[in-house]
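Chain lettering (A, B, C, D, E and F) follows the sequence in which the chains are written, and residue indices restart at 1 in each chain.
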């Protein structure tokens, strides 16, 4: 059971790590844990919209996709030009001694390969979480997210992802509570 | 699709709300979104330990259990002595116009009834997320969490929850990375 | 005297609570204690402008008007659609055992009834404190406060309140120190 | 009326200024506006305990006692060994063109002279606000406030002030809400 | 050696002090230590561009120019209208008992006299550090720095300083990483 | 000159990056820019104590030693088990088109080789900056830094570094201002 406790303390570390992209953007802020909540929640909503996909796999992928950042930190596009990460080794250390280690290793590998429908949707949930933040900042009045957001939309891989992105772009951040 | 975008903006609000219990504790801090990530991740780990439970139901419950706080705020034990919340109405407004509204309404009701095994485990994941934070603060050297933590442990409803709590209490916050 | 100490520790809690309206606005931030200072200071200025009103009553009302938030949290317009608050019970618990309990109970009731001139001016001081924050954010360059501010101005109940609001709208946040 | 608006924007600046003493203490934090709320609230409670004093004068003194910090910053005991402040000039600039300028000038002078009963009680309210913070930090488990707090208690000038300080020292920060 | 340790603890205090100018600007924030890093780094870059100046003197001046703020706080243009600072006495206390006290006293005096080429360039590095921050905020979309920045540029004393300022004004904050 | 402006904006990024070690420690916080100020200031003090070393080289090394973190992020001991960094390539991109590029490349290489006396002292200044922070936290009452600090002291490479470390350990964080 000590391995379980260690795993939980490790996942807790994601609350301490700020997403480094915002340092480049100049506005906004979010912890990795907050980003993981957004990504997983978006994936859950996608699974409700698309009953044919494997919801549990999709959601689980999103829940674990940034766990390696506890040992590695949050590396963004700029960082990745200069840094080579051994995420496999990091996740191996995370999972050492856990009965379900192989399951999670396979799940993260499937996410990283990006071939299955669930992996593609998980990637889109990850990007949609950022699109949502950038659109929110634009509605508040910031200009710097405008060029970023088109880039991030360009990374979407599924029709569902693009449909949601369009809806986000067409919706003001305040509508959900102003409409009532 | 506008309803989907509104739902995502609403869930995003949980990043802005600090968990109010820490104002009483005097140390620590966490957004509701961070707490939801912790709770959901713990639930996922429980589902890996207990293959007979409905993992998707358990995880989904945890993902949505605090969504009503976007419209209501984060009310703790002290607040609840003076405040009566119409969570059903709040969640109805959240889900208005969504095809999957009934699913989520039923899921939150099952969580709140607390009768199913999944609901009990979801409640325990919620408490374990707090136990983890309090143990972390104790390991850093704070005294105020010591009396709280026994209270929170007392709220656990399942043997699995109690087993994990014992493991957390027996494990130092730093073991996961010091051991490597 | 222990009751006095308890009252002071309770009022201190207002420093920990962020005003929840800013979570919806997307910019700005303020603790409830900071808001109470603003409100009370504005009320004091009003009392200097209007010698016929009961200055002590007006200022005292403003000083205590948010004390119940220590037990209840800061509930805004959205929250109040879903939450029913027993502020009377909360304030009763606050004042338990204090010699001057009845005075404060009556004072808060007068504020909440909103009928006396002092109560109307206290309500306006409360709104003016928010108008001042919103105007400040507009002068810095934020757009989101523009629609809010007209709403808040519409809630003003006295001619003095409206006169001050107009002066605030006509004055740039920096004039007080740029002019010297 | 522009002068009124300027005065309100100036008082608002107190929300931006952190109390510099906490930089030396190493823990805790508070804006000057939060401190002014605490001080004024304590003064109000004292006025309820001591009906013979001029409550309006006492409370007003506390409300304005740190307004000059908007133009001067928050100078603590260390700073004051090296800095000579022309508070009179600063407050003159604050009050320029206001009908009630003389009232406030006289009130601040009376506070600074420290001779009247109201001035003594206002000074004690100012110190009690700090004692309350330090006691709170001690109850949480910090050690550094222990030596400070005796110093601050030593600065109290009235029997009422000392009585409240003793009650604060004898009361745990959590009693107000744990007792219910 | 205790004097050395005391000096290092004193310099560490600069990390706790926010630069007070941002309270007036309404956006941005920076500790005095962060500002000192910027200033010193800019001075170093200037010394690489201008091999004829005394690089060690220029850099050392910048490193120490705000050490007195540990004892005095960060006073800006508004504060200085009301405050008279005995920086010499403060720095004397800082350097008490240190073998190299006279060196540092002379160095700070040379900076404050502002006559030598190194002193002029150190002053410009100090202003350029602020220009860089203001330009950064303008590129993000804030309007309030626009009037400030012309003022600060007007304070530059050297041709090198003005050349760098023009380059900063002509360069977008993101070019350094977008260009790669 | 555009290259100069880009370099300054790049160095400015260090203000946005929190030092990641504190996420593991659980207390304390510091930006990379603040750490660079501390390191450089300590190096300067060492150069005043040891007149035979090349002061300009030592100080310059410290000023630039963390510039690559603008492109790479702040990687600590845990991260480095899983991450391989091409710091040379990052710094090459930083210096592209600058007349003094080779100087800085050589200087950083000398620091990283760690063979020259200046490089050894620069490494010690880097460690002493952390020792100072950890000792400060211990004096405030935190327990978690106690095991770390012995580790960090063990990394010191020079007698001067060890002498300063001993002085820091023997000195209370408050002595510099309490003694006056």
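One rule holds in what follows: a contact is a pair of C-beta atoms (placed from the backbone, for glycine too) under 8 Å apart; a residue touches a chain by one contact, two chains touch by 3 or more.
Bear in mind that the values here come from a model prediction, so they are computed numbers and not experimental data.
Undergrad: Going chain by chain, each one touching the next, work out the least steps from chain C to chain E.
TA: 1
Undergrad: So which chains are sitting against chain B and chain D at once?
TA: For chain B paired with chain D, the chains in contact with each are C, F, in label order.
Undergrad: Tell me, which chains sit next to both chain D and chain F?
TA: Shared contacts of chain D and chain F: B, E.
Undergrad: Could you check if the interface between copies chain A and chain E is built from the same residues on both sides, meaning over half shared, or from different ones?
TA: Different, since under half the interface numbering is common to both chains.
Undergrad: Let me have the rounded angstrom distance from the C-alpha centre of chain D over to the C-alpha centre of chain E, please.
TA: Using C-alpha averages as centres, the distance is 32 Å.
Undergrad: In whole angstrom, what separates the CA-based centres of chain C and chain F?
TA: Centres of chain C and chain F (C-alpha means) sit 47 Å apart.
Undergrad: In angstrom, rounded to a whole number, how far apart do the mean CA points of chain E and chain F lie?
TA: Chain centres of chain E and chain F, defined by C-alpha means, are spaced 19 Å apart.
Undergrad: Two-or-more-chain contact residues of chain D, please, as numbers and ranges.
TA: Where chain D meets two or more other chains at a single residue, that happens at 24, 71, 78, 81, 136, 141, 173, 177, 180.
Undergrad: Can the chain contact pattern be summarised as a line, a ring, a star, a complete graph, or none of these (other)?
TA: Here the contact pattern is something else, fitting no line, ring, star or complete shape.
Undergrad: Kindly provide every pair of chains that touch.
TA: Every pair of chains in contact is listed here: A-B, A-C, A-E, A-F, B-C, B-D, B-F, C-D, C-E, D-E, D-F, E-F.
Undergrad: In their shared complex, at which residues does chain D touch chain C?
TA: 1-2, 4-12, 14-15, 30-31, 33-34, 36-38, 40-42, 44-45, 48-49, 55-56, 59-60, 63-64, 71, 93-94, 99-100, 103-104, 128, 132-133, 136, 163-164, 166-168, 170-171, 173, 175-177, 179-180
Undergrad: List the residues on chain C that touch chain B in their complex, please.
TA: Listed in rising order, the residues of chain C that touch chain B are 13, 16-18, 20, 23-24, 68, 71-75, 78-79, 81-87, 89-90.
Undergrad: Could you please specify the touching residues of chain A with respect to chain E in the complex?
TA: Residues of chain A touching chain E: 24, 26-27, 78, 81, 141-144.
Undergrad: Report the residues of chain D in contact with chain B in the complex, numbered from low to high.
TA: Result: residues 136, 139-141, 173-174, 177, 180 of chain D touch chain B.
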